[in-house]
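What follows is subunit A paired twice: with subunit B in the first complex and subunit C in the second.
Now for the complex of A and B:
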């Protein structure tokens, strides 16, 4: 429980400090605050989709259903964090560019990522629970993740984009205000912790659901059946 | 209270509610695992 409370504190503290203590980025003004939600959400979305791909590969190698639970849970959470990043980015775009959606290369990329992973969920929904669904989903997840680095990092840099990539300087440049850095890092760590906590719950729920299904499918108790035969 | 304060308040409330929901869900999962 102490770890959970620490996680609450890291995110709540990061948010509060980001709003009340850290300065605003001059060109962004008050919309700087959106970044404390938007960038960590996009970061965790990518980590989640990578985690899904990793466990899909592990499932294909070991055929252990726990890897399928990890792959499915991570993909679901990846979509969730992608949606958070998209909505927060949209709100930011409205304030900065005057419109919620502009089909900017980065917006278009995230739209395609969402479509690709929505198809993953559709595939899982269309198949019955079992090794076949796990195998096909794992194959799809590996193929889907091949597109993710391309859509997250390459496409937005290939075309002229309104998206402000160099507004927050990289660590190497070292010119990010240290107070913004502290809040930003706290949110990155907090969101990553939140993702792994949610994933852990999702995996445990998956195992419980499978156990429940196995119990329901079990044939009647053999002892009872034997006793029934004995009375005839 | 200015707009930033309202947004911060709503964000903290949403995070706290999500946190409490997850804590409750974890307790429920633990109970089910013990059965």
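Now for the complex of A and C:
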């Protein structure tokens, strides 16, 4: 409970401070505020993809359904954060480049990452619940993660991109205003915490659904016993 | 299994796939018909594109990609529907099966390209290509395409709605091949450097082949 409260405080505080306390980046003007959502969301989308791949590999090695819950949950949340990154990036592009969508290589890359997540969920939808679905989804998740670095880092270098890289001066360059850095770091930590909190809920829900399905399949006597064990 | 016996098994699998395909030829026919119909429709709609090598390069790869997607999964679907996969798994390891099918997919794509590329140049009116550069991009693009889709074919053959699912799963992964292929074909026409596209296609193919090798053992239950 305390951790959850702290998480919301960090996000709300980071966002409020970004609007009210941190200065604007001169070139970006008021669009600086969008970056407090856009960059952490894109960062967490990549973490989600990595988390999904990690648990997919662990599932293939150990065949434990909890790893499948983690992989599926991370992919579902990855879609959510990808959508946030795409929409916020699109708003920023409208203000800076004059159009919501420019087919910039980075815009296109994040869109294809979104399609990869959607394809992963489509695959899960085409398979029955159980170990086969977990195994085949894990295989696709690993293939998707092998593709991701090419989409994120290599394809944008092949085509001219309007997207600044890096968008804000790096820590090494030392020219970022410390107040912007504080808000930015708070949002990064907050979004990462939000991802893991939501993932935890999703994993627990998956375990409960599996247990529920098991109880429904058990003979009546053992189901009552199992329900009794569950309430204790 | 030694490397020699694996290579022998892969060769046997390639021959078996070729004979199976040659008996019915529906996969090859479907892909070729799709490609010819698409090229004809496009050339009728937009005319000759000799001065638009950017559009020409994109159209060439889009036709190649979709023609390939219409048939690349069928090597595994044929085994599943004919209930012959179990027998195949008794005589060869999963990696051998996957790499044998991959060799066949390479041959299949090469046959497609022998027809599609000259036809596209003829119908859409492309300028004379730099053949070594164009063939290099096509060869590495084909390897990247086959290495990414063979494992996916094995995977989707075990799911419902195989045909549509295969395209939905493959397209986002193949964006890299499409981007690098279009960039390379366009560069060879514009006199630019083809090496970055070749490097990207080669690296992607190597990554996919490595992943296929590592994941093949998990494709089917014991």
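In this text, the second predicted complex is superposed on the first by the 216 of 232 C-alpha atoms of A that agree within 3 Å, B and C clash if a C-alpha of one lies under 4 Å from a C-alpha of the other, contacts with A are read in each partner's own complex, and residues count from 1 in each chain.
Keep this in mind: a contact is a pair of C-beta atoms (placed from the backbone, for glycine too) under 8 Å apart; a residue touches a chain by one contact, two chains touch by 3 or more.
Keep in mind that this is a model prediction, so the values were computed, not measured.
By the touch criterion defined above, A:135 reaches subunit C but does not reach subunit B. Contact with neither subunit B nor subunit C is seen for A:87 once the two complexes are overlaid on the shared chain.
Of the two partner chains placed by the overlay, only subunit B lies in contact with A:33; subunit C stays clear of it. Looking at the shared chain after the overlay, A:176 reaches neither subunit B nor subunit C.
By the document's definition of touching, of the two partners only subunit B reaches A:198; subunit C does not.
Greater residue coverage of subunit A by touch, when subunit B is weighed against subunit C, goes to C. When the two complexes are overlaid on their common chain A, residue A:208 makes contact with subunit B while staying clear of subunit C. Contacts of A:147 after superposition: subunit C is touched, whereas subunit B is not reached. Of the two partner chains, subunit B is the only one touched by A:19; subunit C is not.
The contact sets of subunit A with subunit B and with subunit C never meet.
Residue ranges of subunit B in contact with subunit A, taken from their complex: 3-5, 7-8, 11-12, 15-16, 19, 22-23, 25-26, 29, 32-33.
Across the interface of their complex, subunit B is touched by residues 1, 4, 7-8, 11-12, 15-16, 19-20, 30, 33, 37, 197-198, 201, 204-205, 208 of subunit A. Those residues of subunit A that touch subunit C in the shared complex are 60, 108, 112-113, 115-116, 118-119, 122-123, 126-127, 131-132, 135-136, 138-140, 142-144, 146-147, 150-151, 154-155, 157-159.
Across the complex, subunit A is touched by residues 148, 151-152, 155-156, 158-161, 165, 168-169, 171-173, 175-176, 179-180, 183, 196-197, 200, 203-204, 207-208, 211, 215, 218-219, 221 of subunit C.
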